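A quick write-up on the structure given underneath.
Chains here go by letter, A, B, C, D and E, matching the order in which they are written, and residues are numbered from 1 within each.
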Amino acid sequence: MLINCVAYEDGNRLADCPIDEISEYVRRPHCFVWVALKDATPEELGTMQREFGLHDLAVEDARHGHQRPKIEEYGDTLFAVLHTVEVGPTDDLVVGEVDVFIGPNFVLSTRNRTHQGFLGVRERAEREPHLLKHGSAFVFYALLDAVVDRYFPVIDTLETDLESIEDQIFEPHLGRANIERLYALKRKIGIVKHAVSPLQEAVAKLISGRVPQVCSNNREYFRDVFDHLTRMNASLDSLRDTIGTAIQVNLSTLTIEETEITKRLAAWAGIFAVATAFAGIWGMNFQHMPELQLTWGYPAALVIIALACALMWWRFRRAKWL
Amino acid sequence: MLINCVAYEDGNRLADCPIDEISEYVRRPHCFVWVALKDATPEELGTMQREFGLHDLAVEDARHGHQRPKIEEYGDTLFAVLHTVEVGPTDDLVVGEVDVFIGPNFVLSTRNRTHQGFLGVRERAEREPHLLKHGSAFVFYALLDAVVDRYFPVIDTLETDLESIEDQIFEPHLGRANIERLYALKRKIGIVKHAVSPLQEAVAKLISGRVPQVCSNNREYFRDVFDHLTRMNASLDSLRDTIGTAIQVNLSTLTIEETEITKRLAAWAGIFAVATAFAGIWGMNFQHMPELQLTWGYPAALVIIALACALMWWRFRRAKWL
Amino acid sequence: MLINCVAYEDGNRLADCPIDEISEYVRRPHCFVWVALKDATPEELGTMQREFGLHDLAVEDARHGHQRPKIEEYGDTLFAVLHTVEVGPTDDLVVGEVDVFIGPNFVLSTRNRTHQGFLGVRERAEREPHLLKHGSAFVFYALLDAVVDRYFPVIDTLETDLESIEDQIFEPHLGRANIERLYALKRKIGIVKHAVSPLQEAVAKLISGRVPQVCSNNREYFRDVFDHLTRMNASLDSLRDTIGTAIQVNLSTLTIEETEITKRLAAWAGIFAVATAFAGIWGMNFQHMPELQLTWGYPAALVIIALACALMWWRFRRAKWL
Amino acid sequence: MLINCVAYEDGNRLADCPIDEISEYVRRPHCFVWVALKDATPEELGTMQREFGLHDLAVEDARHGHQRPKIEEYGDTLFAVLHTVEVGPTDDLVVGEVDVFIGPNFVLSTRNRTHQGFLGVRERAEREPHLLKHGSAFVFYALLDAVVDRYFPVIDTLETDLESIEDQIFEPHLGRANIERLYALKRKIGIVKHAVSPLQEAVAKLISGRVPQVCSNNREYFRDVFDHLTRMNASLDSLRDTIGTAIQVNLSTLTIEETEITKRLAAWAGIFAVATAFAGIWGMNFQHMPELQLTWGYPAALVIIALACALMWWRFRRAKWL
Amino acid sequence: MLINCVAYEDGNRLADCPIDEISEYVRRPHCFVWVALKDATPEELGTMQREFGLHDLAVEDARHGHQRPKIEEYGDTLFAVLHTVEVGPTDDLVVGEVDVFIGPNFVLSTRNRTHQGFLGVRERAEREPHLLKHGSAFVFYALLDAVVDRYFPVIDTLETDLESIEDQIFEPHLGRANIERLYALKRKIGIVKHAVSPLQEAVAKLISGRVPQVCSNNREYFRDVFDHLTRMNASLDSLRDTIGTAIQVNLSTLTIEETEITKRLAAWAGIFAVATAFAGIWGMNFQHMPELQLTWGYPAALVIIALACALMWWRFRRAKWL
């Protein structure tokens, strides 16, 4: 589905541009065309391929989707695959895909399975013609920056999640809930990591070594994005490491809980065993058990049993078993 | 066993080519020969070595089989070892081997222990003469791509397996089944990893640094394969990491289960101990136990015992021990 | 908030310099301006950007704060983000940020969320004009060195903490306290690590490869800082590794404790079970139980029971179960 | 002990060469001398050092033995330390050492603590004069290849061992045996790894970067050896990884076993507690317990107790506790 | 404290050299001065700095001590920090420090907190003038070699320690002792690792890439030291890895022990429960219990109880629970 297709000259909006005139605008100097698609059909991609002269393999990738984030050169054109990560209605993470083709005088983006669009990026860019004048590479930067900036709230959510688990990680009766939440969190981190980590590698190539021609004038902007990605990556690694430790700690907490229950079991078993043993002894059928004849024998026995149990209870209490 | 042996000129099928005329066709310009063998005997390999002038060590490797995936240069010839991974009848993974020799004007492939062949690759290539015109390197790409594409369903199977384990990972009575399935899955991942990971390294050399002469015009195609392999590798690493966590989680789940059983054991032991202790006390043989003489003593005792047990049951219930 | 703003010539204090004359002083040869801000407002940063001609992206970073430690080049200006780590009132770690802009003849530093200032650095530098003569790069070194030196006492605190945990790690009843302290310590190490590790990477670029122009004459000083950071990093890694082992050891200690309690439970359960079994047998209602008629039957029974229990107690004692 | 000392010319055996004429043969063009020692004494090494002009440090290393596998250049001479690994009589691994000096026209090898010799290598080489013509580097390759090929059966043994452990890893009563075998296996893998891994690094230098002069014409042969070492290394890493997982799985299996035993303990304790409680109640001494007077009271009681126990047994059975 | 200060010419001892004439000797060609200090005071270091013209930062490091092992260039002078590791009286490890300044014609070493000195190194060097002729770099090599050689016995001690732990690692009642010893050993390994690992990195720079001028003629000697350090590092890594596994194995062993104790507990609890249940049944007060009237009822009951217990004992025995 075509969202919009606009031609720009010297950073200013020139005209909404009909699809079949794209190739004309692309040929004009100082002019570039910025096309945005959503859930593009194979036919639309075919049209675009003809108008912009895109490479077979790149269009193939865009058609199939489900690529790994990457930035590839095909001649003087770049093909970038970005992943969007959005928090879905039931707190799960939804991964979408934005494919961007960047040529010397065109930018073509197509987004799939994403809820939020990039109209805001276009508006902001159009308000700053002195930046938009940098051409298609700046548009690419703006899209990239928008995608990357949207990772931050997601990572914040994950960090908040972890903190709320950590608040109760030493509460033993929550062992099962904690381990389930830690496992779910680890999976979410994996999802974000798969978006961030390959993108960081890809952006690194835009700022060091042999930089693609089309991006060579905007290195500082891409370094800024790279910097954000590096920070996110460090946060994710740190989250992952903490979860690993938290899982180990969870196991220790569970073992402590079991030890405490075993202690209680042992303590109460002991106390009742004493009572039962006394009762059993005075329940024996020997004929000559003088205490059985005493009038105050029974109450005395009850008191002795109670005292013995109380003594044990007190000792277990002191030893922190109860 | 010879599958077929065809000569191509400018991307078009020229002729089925008898084995002993191979060396003639190979010498013709703009012409290349594509030979496919299956479970080649040492004699067949010997013939091929003479016709194509292959290097001793490469032929030796092809004869012995069981090589690690690799791509090696011998002068202007490449020798590639690829592993196929197929899901066998009993859900186990069967690893086969495809050895490919690529010269400036020939391709020789021989497959061992594989169920599925590569006739489809040849058919598709012959339908696209404008691509086949690129020569032997394109044929190599087509074979490589076919082998690599067949890894995807296998990896999907593994991911589905893991998901089905994850669905029941917190069900404690399945502890043993889960750990066995996780272990089996980890082994399967190892098998696929051994096919994918060395191949990725090998293909990397075809797209960066000093690229072998024979592949230098098809770099974008090999980059596409490399990209697939990178994605697979990331999937496998992620699977492996998740399994590691799942094994730890399994242990926590087991410990939780044990704790719960210990709790129940403690609770019921306590309840019965109370009953037994009361019964033991009223079973003592003291002569002066006034309650024993009462008509309603026995029913009262039963009620007292029942109430004591019920009280304990209720407290254990509230504490979630029962 | 402006702390101070001073112009220096040939290493000597020239004059306190009004903000709106900064750009004049900056243009004078052999002269450099050193400005210190604290919790700078966007307006102050805007003024500084105009006076010194700073890059948009760098000023943006300084405005937002919460950057990762880094050192970036913008033309002939360096932009450095440093983290301070201070031990807060309740023993927690407080992370602050110092942003430094270094040009050929100016240094601008602004610190946020830090308790301690850098007046001492300026005083010490002014006492050594022969060093201050090296210009703005030397001032940057002095600030960097001050920030880094303040990490040492923090790391010492962490090491002391770990040692005090290690002193009681094998005391089983402290299992829960130990694991909580280890977990808290691990988090603190992570905080310091996030300050030290990226800074080490950044400083490495000042001493090897393509060194930024402005720092090229002070390489030995930056190598000294790099050396400190390397040492800290090694200490932190070593701490982290030790904590990992300590958590494992904690689990073993807990398991040992549980085993010992199980042993005791088993031992006492056995002893009482013997007493109860004997009592039960002599409590049976058979008519012909000759020992029941004996005058000394009852005391003998008590002695037998006591002896049996004592024997078991002694054997458990010898087996170290009690 | 001198095994043999032969001079070769153009790949053909020229003559058995007396030790004190070695230096003469070494000076002849197209000629090289191949000396094999076994458990060389310091005196023998001294003689060889004089005849071949070997470097002090290399001879020192050969004299002391117990070096790490390595290949070092001393001028135009190479010094290689290789480890042999043999399966000893009691299934333990015996590590021996082969030190090889390779000059432009000599090869000197001395083996220590190895059972098997290298006579077969010499025989095979002498049968192929067209290969032996390549000179001392080819001899080095042949020795290297022989040493490396002998690792394969050792690694196979380890893999077979692991498989036999895996067959019984989920059998809980074998927990102790399994963990002992896994630990022993891990140690053996470490031993082989110490032979393979440094050698792989060393051989890598013979095929890439600045290749030592003496080996520059045999690169493909050394690449073949490198390939074998890479494969072995991958196998060993994979073994090690699997053992790590197996140890974790073993712990889970043990925990499962403990849980099952706790379940049984709980079940039987429950069943007997029921019986004991009933018996205790009917053993109370209340005067008015009407059921005690009934003729069929006793058999009814027995039946009730039996039924209660059976009911519990059945429920535990259904819950898989028994 | 000055140990000695000697001038050498062409490898031969020229004269004991008074401290204030050092700078004269240093200026003479073919001559170098070798000064050894012990626990040098700041004043002594100040004198030396003036005489040899040492760099501020290096002298600062030497004054403060507690540096990480490193080798740094200051102009044509090298500054090396080495750690000595000695086994102290109570089997703990004592870390000392040796700081060495190496100039084209001087060597200054100062050792702190070390028990053993380096007089032996000087004596050995003076006995070999042909080596000492190589100048200050050779003296540096000799000191370095002496320090490194003293690590070997320490590492041997650690390996012996580990072996003695391994001999008893599967003995469950030693669980606590084993884990304490493993933890202590791990800490010791960390201490040695901190001496060896950074030194290896530092020495690597003396043999590859841009080698400092002063060492360029002794590369083979430094490679020899590097080789030793590599071997040690591998040993330490291997020790560390084994300890990690041993800690895991220890946990398994503890779990096995607990399982065995639980089994025994269950078995004995079962046996006594049977006895108690029988006794309880015959202790019931039903009027019509015919077996109670039989003369041989009591002995028969005892036999039945004994047989039941024996049967259970035998079955538990067969199941290896007892």
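Keep this in mind: contacts are C-beta pairs under 8 Å (C-beta built on N, C-alpha and C of every residue); 3 or more make two chains touch, one makes a residue touch a chain.
Everything numeric in this text was worked out from a predicted model, so none of it was measured.
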Fit chain A to chain B on CA atoms, both being copies of the same sequence, and give the resulting rotation angle in degrees, nearest 5. 70
Measure off the straight-line distance from the CA centroid of chain C to the CA centroid of chain D, and report it in whole Å. 40
Of all the residues in chain C, which ones touch at least 2 other chains? 248, 251, 255, 258, 262, 265, 269, 273, 276, 280, 283-285, 289
Can I get the ring sequence of chains, opening with chain B and turning toward chain D? B, D, E, C, A
Would you pull the chain D residues touching chain B in the complex into a rising list? 169-170, 220-221, 223-224, 227, 230-231, 234, 238, 241-242, 245-246, 248-249, 251-253, 255-256, 258-259, 262-263, 265-266, 269-270, 273-274, 276-277, 280-281, 283-289, 320
Which stretch or stretches of chain B touch chain D in the complex? 55, 57, 67-68, 70, 72, 74, 173, 175-176, 179-180, 182-183, 186-187, 190, 194, 198, 244, 247-248, 250-251, 254-255, 257-258, 261-262, 264-265, 268-269, 272-273, 275-276, 279-280, 282-285, 289, 291-298, 301-302, 305
